[in-house]
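Shared between the two complexes below is chain A, which pairs with chain B and chain C, respectively.
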Partner chain A sequence: MRHKTVIVFILLILGIFLPSVMGVQRFPKPEFESGYVEPETQFPVPRAEFLAWMDVAVLLLSLSLATFLVLKKRSRLGVFWLSLFSLAYFGFYRQGCVCSIGAIQNVTLALFSGSYTIPLTVLFFFLVPLVFTLLFGRTFCAAVCPFGAFQDLVAVKPMPMGAWLNAFLGMIPYLYLGLALLFAATATDFIICRYDPFVGIFRMNASFGMFLFAGVLLLSGIFIARPYCRFLCPYGVLLNWLSRFSWKHMNITPAECIQCRLCENACPYDAIDFPQTKKDPAGRRKQVNRLILLALLLPLLVLGGAWTGGLIHSTLSGVNSKVRLARLLQTASVSKDQPEPPEITAFRSSGIAQQQLMAEVATIEHDFLTGSRIFGGFIGLVFGMTLIGLVRTPYRTDYVPNRGTCFSCAKCMDYCPVIKS
Partner chain B sequence: MKKKTILIFAIMLFLVFVAWMLRDLFMVRPELQKNPYDYGMTALRKTDTVPSYTELSPLKPVLREITSVAGNQDGKIYIAGKGGVEILDVSGRMLKHFPIRGYATCLTLMPDGTLVIGMEDHVELWSPSGNIISVWQAVDTNSMITSVAATQNLIFVADAGKKIVYQYDRYGKLQARIGEKDPVRKIPGFIIPSPYFDVGISPKGELWVANTGRYRLEKYSMDGSLLTSWGEASMAMEGFAGCCNPSNFTILPDGSFVTSEKGIERVKVYSPDGAFVALVAGPEAFDEGTRGLDLAAGSNGRILVLDPSRNQIRVFVPDKRN
Partner chain C sequence: MDKQNRRQFIRTGIRWILFGGMALVAGDLIFRKGEPLFGKNRKSGPTVWQLDPAKCIQCGRCATNCVKTPSAVKCTHAYSMCGYCNLCSGYFKPETKTLDTGAEKQLCPVSAIKRTFVEDPFYEYTIDEALCIGCGKCVKGCGAFGNGSLQLQVRHHLCDNCNDCSIARNCPSGAFSRVQLTDPYLLKGFGKKNL
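So, the complex of A and B:
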């Protein structure tokens, strides 16, 4: 058995290096005979439509199977094998694209840009996991998302993090989502794809910097289970919201909780809510006062965020290539003794009038001002709601999965000794 | 305590990732004055090999836009260029200057002293005294004559446009086409990506052609059979680098080769069997971007290098210390 594993491993390694061995020798150069016609540039053919629909079918089947394994079979092993399949199919075979996470940007751009049409299959990739989450919790995160599966493989020594740390880092996905929506709505950039740490690994074509930082993220993932899912994933924000209202969510125990506390440390994602049964009238009053104060503070936080967003809109719009080009043009016209940057040379050779560019940039800047204010207000709201979430301690008697943050991975189920009669 | 440290370390790693994203998104901007697509040659132009030749004072012809140089063993130097031919003595003093109509791209001397001048699309024969002997018909509409070589009775014309070497008799009658791709005769053909395509005749009367796209010199029999070749593509001093080199060569009386390259400008000496012998002049001796360093063997072991960038004939002699 062990020998077989070694042989398979060696064959796998050889398979990776085989393409470079079979590579065409660079020299001598191809011969260009007289009368040779330069071939037209070839563009890669888009994925065949039936294959794109097959991806949707695989997504639907995987989600259905994941839901069945979590809610009906309560099988952690089944979830694990399905997640490996998803990693192989959606990760390495489909090379991480289309993914539901990045589809947020396609949907946003389609909503805000009249010239962009979103393919139906991409829309399905965005909507289907949301619908499943609304019905059954985050079974998508459990076994279908290749990013989650990848991180699960490296989470060998996960450590619990306190509520405040979870809440503080848990705000980052909201920031990321806000920025991704802002940049997608203004047709600036698809930053979720640009900073996707896993796609470069799936395709083996990331830049050195991206590989390095993906390695850093995975290294932190040894001790912080699924750091991308918990503290970065913008799609996770939407799933978190919908999962809170899910129709049927998984439970740790299949029947009545016997308070054995065996599952207390079972969740590597700190997604189990502990029982809160103490009734302290004095503490309760203090808590209510804090909640009232925070509720009054909330509009101020939203307004403050919107005001701050307006202040930083110029920095945010600097990411837009047209805005950057316009600023370059202004800088270049001031320092004429410096050589002309290639971007400006390319712009001048395009024949587009500078006034036309400036008019477009003024519209973009205006959009950014509005968008940045909304973004700032949204972050203020998230900050306020996070504080409220930390202050309030809802009464509960059992150990239950937190419906928002639970990935429905079924890891905790194995710890529960209760057997459904 | 240990667990807490590890957790802090892991969180720091995660925050490093987030900080890198933010920095890349908002703070990293391409440098204004730097062309990211610029192909920097500075590092490639540096060499550790010390030249084994010393440069003497260059010869400065009156002729502008010089393109080709030839020498003979009595020390006379023949230079051709736009609109004229110039003959200098060994010290650089002008002996003769006569005008020609058009742009001379190459020249060579026949053993009887007749000048064979390549004129872009046709060949002209001139006497050393400046009298025209004959003007041949244009070779082809797409021709780009870049080099000529001659024996007692034959004249070889390298056509970079058609990627072929023509063999003529001295009266301009086409005798053979040399170097055409012929799998039966195992002739791979010439790959000439740029208009630098040189031919030469060795002291033994052998025809050598620079197949620049294959980075080698090829020897052909007079009937056009490929006999042998040497040269390899390499960034090392021993090889030829760039898109297509050597751009020019000449053969010394002892059968050694002198080659010149463009891109990374180098002039080197190879033994008759193609082994690297010495560096005559490295890239630092030339203006960056100089191309078309035509070569000629001068008297007393001198190597003449035509430098079109400076419009000079650079003279190199073997360094006595070596």
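So, the complex of A and C:
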């Protein structure tokens, strides 16, 4: 009698667990007699592909229009209205994704990862503004980027920041870009998207921390025009460098600068370069000496950066989920009393061997070591170049927009009294 | 003037180099492995986020980590897999004795599952998507003692398809991945679903 119960019990257990192992249904589907028809499972479709192509078309059209308005029409009002449209379309209608800034990471991931293929539309979002900037300057920032448009709306009382502060805060975008590239190349995270302060506003939905960040940014944006663009935007780094070599670029005056100084304070972003004609042999010699010193210092800065990067590489790799899991597994085997983290539960049920994970993590760690060294060296280079840029005073006779930092927003144009004959 | 010209020349040269660099990157990405990103036979097109129910452990983070509130992840019922059980382990709490539909008896914290009588002894279970928060409690129950017909899925009419899905980066089981737009669901028991 007793062993019969045991057998029944075992059968019952098997009945419950075997099917799930073998993928069989525990409870067969009933044969309905009442003529009941089973409802169909609904699969709502995602946003159609042609709409993504429409976004690309809107991007191309608005960029062309922005370029025309800035370079040909020289119309600040036109730029303003176009930027409102971009804010509405790319910001509030498209809800921010995918934007050109974030696309940096998709491109990087696609370049470094074997498994990710970038959709063509995303590649377009990345490349089109770059090509336009290389041809005509940063007209994308002037009127097409929704982030720029948003910040321009709140910049009611911009104040000049001074060359040194501008230069030092201006290094943050390089840092941000470097980290974003490192994390994207190692398939770790898309930090540009993660810490995007505006997307939460477009969606009216974000964590408290991100809302706080956005609030601080927008409040400071009242006095510091476009704080994100100038001191955070990683795409801005690329645009800045392309714009320096652009084929055409907007100018403050439609004809010849007459040094009337009326535009001196016109730019809310401190992007106007003043004339530099003083000839002072003593000061010049001092400057040359400083430049030589900095040029000698530069390799040391790069090496020091690379060395520091190597030191912090395991902190950076801790962001990677696989690395985190491996470290969790190592510590969890020691402390048994705490509840098991879901990561470990999931890993155990996945059936992947621990050695396989560890081998994978070893390559990731190695990639991070290399990547962090390059990143560190890059930051050292940026630091050195920033110092050199502060010391160097190139000869200039006119008031001109700085090709790198100018957003081509056309705000300064109306200050110029010169009329094209 | 000479200096000006030389500067101009260097600038033009660098401009062409930059153009070339961008063209190289674009070309590499578009024609990688000889499989162009365009045309009829392209291997890969636009993607959307989806979670694999086979990997999901119903940790509850789908409910809390989506940028949308309530989450774009919902319980999806694969009716064709359902046993229409009277004692549904996805509907009732495990300790339940009497099978009435009081809210305190239900696993679902928001009573998003509707239980309707079909015929003796079978009941149909439907999900009210407007209520469901994607917590996965029912999915866990159904998977543990039932057929596993209740499954979590990203519902694409609700999902914003973020460039970086904020559930994906917090999912402990790595269940999230980018899937092809043309095949956007990974429901068990359905095979490929070309929409």
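Following the convention adopted for this analysis, the second predicted complex is superposed on the first by the 375 of 421 C-alpha atoms of A that agree within 3 Å, B and C clash if a C-alpha of one lies under 4 Å from a C-alpha of the other, contacts with A are read in each partner's own complex, and residues count from 1 in each chain.
Throughout what follows, a contact is a pair of C-beta atoms (placed from the backbone, for glycine too) under 8 Å apart; a residue touches a chain by one contact, two chains touch by 3 or more.
What you are looking at is a predicted structure, and each value in this text was computed from that prediction instead of being measured.
In the superposed pair of complexes, A:111 makes contact with chain C only, with no contact to chain B.
Residue contacts after overlaying the shared chain place A:52 against chain C, while chain B stays out of touching range. Legend: residue contacts after superposition of the two complexes on their common chain; A:355 is shown touching neither chain B nor chain C. When chain B and chain C are set side by side, the one touching more residues of chain A is C. Of the two partner chains placed by superposition, only chain B is touched by A:219; chain C is not. In the superposed pair of complexes, A:97 makes contact with chain C only, with no contact to chain B.
Touch criterion met: A:242 reaches chain C, while chain B stays clear of it.
By the document's definition of touching, both partners, chain B and chain C, reach A:341.
Contacts of A:277 after superposition: neither chain B nor chain C is touched. The contact surfaces that chain B and chain C form on chain A in the two complexes overlap at residues 27-29, 32-34, 341-343.
Of all the residues in chain A, the ones that touch chain B in their complex are 27-29, 31-34, 157, 159, 161, 165, 169, 172, 179, 191, 195, 197, 209, 213, 216-217, 219-220, 222-224, 227, 231-232, 315-316, 318-319, 324, 328, 331-332, 338-339, 341-343. In the complex of the two chains, the chain B residues touching chain A come out as 3, 6-7, 9-11, 13-14, 16-18, 20-21, 24-26, 29-30, 32-33, 35-37, 142, 161-163, 181, 189, 191, 193, 213-215, 233, 243. Partner chain A is touched in their complex by these residues of chain C: 11, 14-15, 18-19, 22, 25-26, 28-30, 32, 37-38, 43-48, 55, 57, 59, 61, 67-69, 76-85, 118-119, 122, 124, 126, 143, 145-148, 155-164, 166, 169, 172-174, 178, 181, 184-185, 187, 190, 193, 195. On chain A, the positions that touch chain C within their shared complex are 16, 20, 25-30, 32-34, 36, 38-41, 43-47, 49, 52, 95, 97-99, 102-103, 105-107, 110-111, 116-121, 123, 127, 130-131, 134, 189-190, 193-194, 199-200, 203, 205-206, 242, 245-247, 321, 341-343, 345-347, 349-350.
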